[in-house]
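In what follows, chain A forms one complex with chain B and a second complex with chain C.
Presenting the complex of A and B:
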């Protein structure tokens, strides 16, 4: 019997419904508020909606995998875990935006907040669907909202340039993804990932074999742009520099996480028949490993020459994307080993990147330019701020007692476990290279004379945001066990299984 | 591989040449209005190809939406805004050589794959997709992405307004 939307239990969609209704409501509130009124209330309301959605996601853990309308929407451990990361990241970005004041967006503050919500909605849909159409619509919703958020400070030339580059390259990458998807659909005759996987399994070894690889290749090129792997990373530094810092943090954390979830889902579900094939190891795995190695090498070496703090963070995030690709490249051997190491790294990355961006925002704003020299003598002006920044940088560099250390440690051990010694060697060497530029900032803070004696003004909201970042970075660094056991206990095989669609319990 | 010179083949040949020419003109034209017209031309030819593939509904939609609405909107946009005729700085020859090589490699790869593995196609089931069925699947199976598309359109609208709005009073 054909099913319609109302046959399903819509309570599982609660997080998305909260976000979409908050976005709709906020756009109306924005309209009704007097023009002179501050739009901060909209930001607070948006933050509340994100937190509420987070509560719903937390309550849904342990739920049976469930799907609506032929997997156009599904929840399983995979989507819940990623959704939790996305929501945490967006909540942080909201806090950050509320702290950094309204002069950034002038009269467009209301729009700024609800576009953040729609971007989040797109990201959440991307992680909780197993249908190409929904995945693509979610991706476009996220991308389109991000283009606008990057260009929203339209008075500034650099923001316009960044938005332009982002729109053009984002459009190209979407075209590549769509082209790849069209080959997958043409071969399988369905947009459902499980159905595609079934048809691919039948088609392997036949004449369609090359087409399967072609579709995968095209999709990976598109994703490469979205995640900013190395051959397709050129946009990232310009966009991070031109966008306001909260948005740069949003792109580095939320967009990247959603794009990763998208690739994993498509690879693991639709292209799983390829993994049993010898050519997976020979072609795809190698391709990914080379991309990962290139991202780590180029990201870290180009970062050495950067003098702008946000550009430096952009190159550092390209390198981090390289580290994150590693578990995927070695996926064919031990599939479910992938999740714990990768998700731990993502969570650690969230805290440390977020914290670093918040500190950068207030220090560079105080100095009036975005150069690294803005950090000169910070330890004498605001010792606590300097200490927090040092912690984030140490964590990004991957030294012990921080979240970043365990993140890298698990990635490297899982790579060694998969017998890819050369890749582990690249990871370790590039990490050592990265010490140079991370400690360049530390050197500025502790060993150079300050340009003024005044404290760097940090609003209380930003203090909370920094404390959250510090808490997460140290907490995961000292006690990684709870999160690891939690991730380890989740039922990752549910990603691959057909979910029930019957009546809820 | 042998070609049969049927009417269908000739029509396909003419339409695809038109579509490609339109696209090439669009890239090479110096005036925006010429670009918009060549793009409309390409859209129109693609509608013809849809018709050849017996996707009549798609062909009509293509003409209505792309050739009609999108092109007209673009023309309006061009006419209602000011344009300075600017000499574009010529792109360095290195740059164009590299991009030519990259696109050439991609094209070669695609063609290689397509010719290496000829797909055995079954006879397509004709008249399988009526407008009614299309509507049914959009509003039944694909209702979630459909609703999301409306959010997407809203976002695009809001974005267009805030980016294009002139802020007078300060």
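Presenting the complex of A and C:
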């Protein structure tokens, strides 16, 4: 039977359809609700939609990969795994936002929740698409929603300023990505990633070669901005500081994960002909390794002199992005040991970063300023909160018994396996440097006198959010095997091949 | 034929560089937004030129351009909205005065 564009089983797009219909419905509900009514119900509804989409994603695992919408959209292990991470991160951000109260956004609470959903939708489109147009539209949907979310506290000068910096640098990075994509299209005559890969393979050698690299470098500059790799990281600290803490967590977890998936998909599929060439090792691999090393070194050293907790987390997340890109930079001829080590670290990063942001929000809100001195004497005021924060920091620092330890352990072994000893050395040395600032906060909590004896007020929802973070961080630290087996058993080679179109049987 | 393509690509490259220069150096915030538009439109010229005179001519590039024009319009709208909110707080449109956060 001949396929037409919309001739596919709607169930295969169920997660996206759930999110898009929830976002549309919630925007209407927001209009119809009385001005005076609390918008919390919209937040709960949004959370329910995210969970439902998560259920659909979980059900979709294990099928053959397939492509729909004229091969622009594919559902394979890669997109499902990344969607699961994105949905988990967004669900956490919803819980966090519901807990941190509405005075932050005043009358714009409804808008806040459905923009989170549209941002999530953009991220999900990005991780699933196999076409430059879909990728770009997904990326922009995520970016535009995030610009507004960063600036949603519009009475605050610093939120405005953060949103301004984000929109300008985000716009420039979009322009770089688009300019790079235009060259890729020009060389291949198609926007489909597999088609591009085929044409690139034919066009290698000669002057076409240079244009392939030009398009790759332009796109990498753009992605560098989106993920906040080092030469392009300057927006991240300002934006994290100016945005409300749930949004900073959203940017650190969801945006970053989606941009990662984007880079991997484009490089592994469209630019795969470079990989069969010696030039991959000489150019692309080195470029990524240098970016990773710079991110680790600068992220961790600049974090040393930060006094604002959220700026510190921003630099820490720049460094973590550097660790994350290492397995990707070192893939050689055996590409698929990349996914287990990288995805494990990504999941670990999700739990520990999320938990740390939740604790930072309530501690700094109680103190009234965002400095790390807000943590002084926390162990005497709220011992459990201090213990949870210590756990997250230990995990971020990569010490044993936590998720972060196994994450770093797998990353370092995979680097050594690929014979990049110097990069492993940079990872270990910068990790040691990072102990200093992570334990700076621990020192504040345990060895300095508190400024008051009152317990830090933490709403029950935030307690749940923190417990989820603690559970994930300790759970993955004590029992990393189930997740690793699960990731290892997924069919990663399917990322590289064109799938059949239509629904799975 | 190739000459035509090259000249379009050169025009796009010049526009892109002017845009990038504008973003990096202009003090007026509105001009910074304009410069971003120049960069996006440089990419559009590239796409249309490739879809007409490229190695593999086809309509896809023009379709892509329609998408990017729409997206760029949305981006400009969001950018200007943020700028207005910022102007109300700071009462200046000089981009280099938006520097309260450092470190």
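As a working rule, the second predicted complex is superposed on the first by the 497 of 505 C-alpha atoms of A that agree within 3 Å, B and C clash if a C-alpha of one lies under 4 Å from a C-alpha of the other, contacts with A are read in each partner's own complex, and residues count from 1 in each chain.
Methods note: contacts are C-beta pairs under 8 Å (C-beta built on N, C-alpha and C of every residue); 3 or more make two chains touch, one makes a residue touch a chain.
All figures in this text were calculated on a predicted structure; none of them were measured in a lab.
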| query | Looking at the combined model built on chain A, do chain B and chain C fit side by side or clash? | reply | fit
| request: Would you check which partner chain A:190 touches, where first means chain B only, second means chain C only, and both and neither mean what they say? | output: second
| request: Could you tell me if A:209 is touching chain B, chain C, both of them or neither one (first, second, both, neither)? | output: first
| said: Under the stated touch criterion, which partner chain does A:308 make contact with: chain B (first), chain C (second), both, or neither? | reply: second
| message | Per the contact definition in the header, classify A:73: touching chain B only (first), chain C only (second), both, or neither. | response | first
| query | Who does A:133 touch here: chain B (first), chain C (second), both, or neither? | reply | both
| said: Contacts for A:181 in the overlay, against chain B (first) and chain C (second): which applies, first, second, both or neither? | reply: second
| said: Quick one: is A:64 in contact with chain B, with chain C, with both, or with neither? Answer first, second, both or neither. | reply: neither
| query | Where does A:154 make contact in the superposed view: on chain B (first), on chain C (second), on both, or on neither? | reply | both
| Should A:491 be classified as contacting the first partner (chain B), the second (chain C), both, or neither? | neither
| For the superposed model, what is the least distance in angstrom between any CA atom of chain B and any CA atom of chain C? | 5
| Shared contact residues on chain A for chain B and chain C? | 133, 137, 140, 144, 147-148, 151, 154
| said: Per the contact definition, I'd like the list of chain A residues that touch chain C in the complex. | reply: 132-133, 136-137, 140, 143-144, 147-148, 151, 154-158, 160-165, 167-168, 171-172, 174-176, 178-179, 181-183, 185-191, 199, 237-238, 241-242, 305-308, 311
| field | chain A-facing residues of chain C, complex | value | 12, 16, 19-20, 23, 29, 32-33, 36, 39-40, 42-44, 46-47, 49-51, 54-58, 60-61, 63-64, 67-68, 71, 74-75, 78-79, 81-83, 85-86, 89-90, 95, 98, 100-101, 103
| task | Would you pull the chain A residues touching chain B in the complex into a rising list? | result | 2-5, 20, 23, 27, 68-70, 72-73, 106-108, 111, 114-115, 118, 121-122, 125, 131, 133-134, 137-138, 140-141, 144-145, 147-148, 151-152, 154, 207-211, 213-214, 217
| task | Report the residues of chain B in contact with chain A in the complex, numbered from low to high. | result | 109-110, 113, 116-120, 140-145, 148-149, 151-152, 154-156, 158-159, 162-163, 167
